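First the structure, which I've put down as structure tokens, then a few questions once you've had a look.
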Amino acid sequence: MDFRRFSLIALPYAWLLLLFLVPFGIVLKISLSDYALSIPPYTPTLDLTGGWPAIRDFLSQLDFENYVFLTEDDLYWKAYLSSVRIAAIATFITLLIGYPIAYAMAKAPREWQPTLLMLVILPFWTSFLIRVYAWIGILSSEGYLNQTLGFLGLEPVTVLNTNIAVYIGIVYTYLPFMVLPIYSTLEKMDYDLIEAAQDLGCTPTEAFWRVTLPLSRPGMIAGCFLVFIPAVGEFVIPSLLGGSQTLMIGKVLWEEFFNNRDWPVASAVAVVLLLILVIPIVLFQKNQEKQQE
Amino acid sequence: MNQPSSPQTPARPAGPGPATAFHPWDDPDAVPLIRFRGVTKRFGDFTAIDAVDLDIYPREFFALLGPSGCGKTTLMRMLAGFESPSVGAITLEGRDIVHVPPHKRAVNMMFQSYALFPHLTVEQNIAFGLKRSGMEKDAIEARVAEMLRMVQLQKFAARKPHQISGGQRQRVALARALAKAPKLLLLDEPLGALDKKLRQQTQFELVDIQERTGTTFVIVTHDQEEAMTVASRIAVMNEGKIAQVDTPGRIYESPASVYVADFVGDVNLIEGNARPVGQGMAEIRWREGVPAIRGQAAEPLVEGERATLAIRPEKIAISRERPEGRNNVVQGRVHDIAYLGNISTYHVRLPDGVIVQAQVANQRRIARRDFTWEDEVWLSWSDTAGVVLMR
Amino acid sequence: MSRFTWFNATSLTFGFAFLYLPMVILIVYSFNESRLVTVWAGFSTRWYGELFRNEQFLDAAWVTLRVAFFSATFATVLGTMAAYVLVRGGRFFGRTLFSGMIYAPLVMPEVITGLSLLLLFISINLDRGIVTIILAHTTFCMAYVAVVVSSRLVSFDRSVEEAALDLGATPFDAFRSVTLPIIMPAVVSGWLLGFTLSLDDLVIASFTAGPAATTLPIQIFSSVRLGVSPEINALSTILIGIVALGVVTASLISKRNLVRQARDARRAIQAGAEEGREARAT
């Protein structure tokens, strides 16, 4: 192997090993450590200068205590459950809203499509934080929504600091991730197939249900994963739009780390979150590979 | 189904033949299945179909032939119901079908892309149309089995379209379109995606299936050999108009215009001033100082009009000595030889630079070829070999 | 197919209203005179003035821009290398692990990435500051660059590279003079994507930034937690404006390229037709 090829591979490889894989090892290790009032706030710490006995001693002090703690305090498993539920419901709503948009884009006149595509992508380039922030002004008790309702002579509603606000936030910020993959499957779809279905006796509506919808399934699945996976670990939306009852694991982890400074428990929370997400991530990869066939 | 492929055998006797010959278009009492009357289709400023009148008879294998953009696909899509004419009427068995949506027409189509549903198996694809028609489950199964047998795909019934070969997909598309036993089957460039050998074989299979099912077929193609092989009649189209409708034999032997002569097969075109010489013959004066050449007049013509003599390369004889007793004789020099194995085409340059092609069957081995580059040769053909065309 | 149906027009109208109305409201109210952000009290650019006098915001913006620039640049170099290795590198030891590590940051919850990097920096005693944020951002941005560039690499015709090699170019020459110019648009959009992601990131930056360095999102987040503020509205408007300008410019450039391609294709067809006519004339 020549040196150029070696360095071409080695540089990004080493970078990812050091800054992606090794950190996970550290998270795993700390999740097995104990909380301590010290700097860094956990024990034991590995002292490689101590040689083999030090390492053995270090290993013997690691335990699953933090994981046991996670199962004992119902805050954690409730937070996991609630994160998955909120993410799932929000993903479903995003699908219901995103599909008609993607469909209408794919069916729009050719010359319009680049513009429509740009309009969907543009919010994605805009700061996520700002897009979430925009809803605070709309949903707050004296916000634009309640002003409008009052103008129409309707009762004001409480939305901010509830789970509904979290749903709105997720749907709003992740909508492009749903629309784009669905649009790309619909846009690639051979229009002959719809004509063939009609030729064989389908009304246009039947042709949609029997041909268009089943064929856009890979895009729908990809879109759902792209919304669901990050939504489970979401921190910004529940902390800005959610209320005290909104339990989401990203927020719990953040508070465990920054407010309680319990690094070992925070690490254990992260490890379990990752384990939960491994299944959808693997399924997502499978779906993508199948699509590329 | 696996007929030995011999492209030389015509699918049907062309022109007058045995008493059983099929030519309802010559029968004044025959009722057409499809009738186009004054059909025009405009897309914005563009006229895709221009005042077309056309009759297609039951059990015909009818070909729409023309280059891309000539309107043949639009004409077919009107039959399927995906386009409606801007002006004019289309009737199927005497009933106006212009406003009947595609899913209510007894017309099925085999798409150029095959348009097989990728999420359904071969079997489910074939059953798709039957299910829509509210057929009994048992009857559907029986019909699907029959169709699979017809296209010899029983073994692949459970496969998805991407798990079978291109030729098999083509057969699934055919079976799916025929499953509902339509009154009319439309085939849009059905063999375009197949390689040449498979295409030739499949052409005969198509003819065979058409004859067995007795369905009227309308095929759209840009491949003149394909049209000649399968069709009972061909409509040659050009820029939204029908240039000529006739049997393959007459399209080739008696083209109605320069366009048709040039589009179907190879042809030499010699332009000059025409003069009728009686008995449907005409003479063309094409160069000073050489004798005029003759051919059959396609239509009555007036002396002095510009006209073109169209003569097929295979009807021109090539010789070293001046042939005796022929009116149409020209002299030239062999400019180029295209050796195709079974035949050779000689490109002969006349003194004024015009190139005339003559085709000769290679009865001898190539080393014993009679003529070679730069040889002085004589070209000749009979009076009835060429056609004098006004358009 | 060529016109909007009633249903499709409705979906698009509502869909885009939902996407854009919140931002439009934000922009409109950034020009509100009143401190009470939900009550309109007349037009004013007062909050923009306040914003530019706010040292904290200006400092944070400067830090953010530097971080985004360096992260995007490093990520582009590393991500392009990674994409090239993945698409053209053939087999090598640990290839599966490598591709897994490239794509994983795309779906990794930010809290986990942030936490793990922080724990790394602490265990190697690296002081937290601009450098650590750049290291963290480079890592997660290079995944995006790799995806963008590799999709371009996959779609382009490999034989042009082989032609270059055949004509005597070394692999490095071939990359520099043939491959790189072809994938350049993807590399540029990878850089822009990395820049935007870095500019935008709150969670990872919160973990990896020390008290010495605060980025704009961290600053925004801490003031937004207290509620809506007109200064943030003004800041948001500026950021949205920059992005909109960038995206519109980019799409105009790509549209111009499309028009040029269409014109070239038309010319090619004409050239072919002319040649055909000439051939027939002789």
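All chains are identified by letter, namely A, B and C, in their written order; residue positions are counted from 1 within each chain.
We take it that contacts are C-beta pairs under 8 Å (C-beta built on N, C-alpha and C of every residue); 3 or more make two chains touch, one makes a residue touch a chain.
Treat the numbers as computed from the prediction; the structure is a model and nothing was measured.
Taken together, chain A and chain C share no touching chain. Closest to the protein's overall CA centre, chain by chain, comes C. Chain centres here are C-alpha means, and the one lying farthest from chain B is A. Here the spacing of chain A and chain C, counted between their Cα centres, is 18 Å.
As a whole-number value, the distance joining the C-alpha centres of chain B and chain C reads 55 Å. Work out the mean CA point of chain A and of chain B, and you get 59 Å between them. Contact with two or more other chains is made by no residue of chain B. For chain C, no residue reaches two or more other chains under the stated contact definition.
Residue positions of chain A touching 2 or more other chains: there are none.
Here chain C touches chain A in the complex through residues 1-5, 7-9, 11-12, 15-16, 18-20, 22-23, 25-26, 29, 37-38, 78-79, 81-82, 84-85, 89, 92, 94, 98, 101-105, 107-112, 115-117, 119-120, 122-123, 135-136, 138-139, 142, 171-172, 196, 199-200, 202-203, 206-207, 217, 220-221, 224-225, 227-228, 232-233, 236, 239-240, 243-244, 246-248, 251, 254-255, 258, going by the rule given at the top. Against chain C, the residues of chain A that register as touching in their complex are 4-5, 8-9, 11-13, 15-17, 19-24, 26-27, 30, 40, 97, 100-101, 103-105, 107-110, 114-116, 118-123, 125-131, 133-138, 140, 142-144, 147, 172, 175, 179, 191, 229-230, 232-236, 239-240, 250, 253-254, 257-258, 263, 266-267, 270, 273-274, 277, 281, 284-285. The residues of chain A lying in touch with chain B in their complex are 190, 192-193, 195-203, 206, 210-211, 214-215, 217, 293. Residues 80-82, 101-104, 107-109, 111-113, 115, 117-119, 128-129, 132-133, 162, 176-177, 180 of chain B are the ones touching chain A in the complex.
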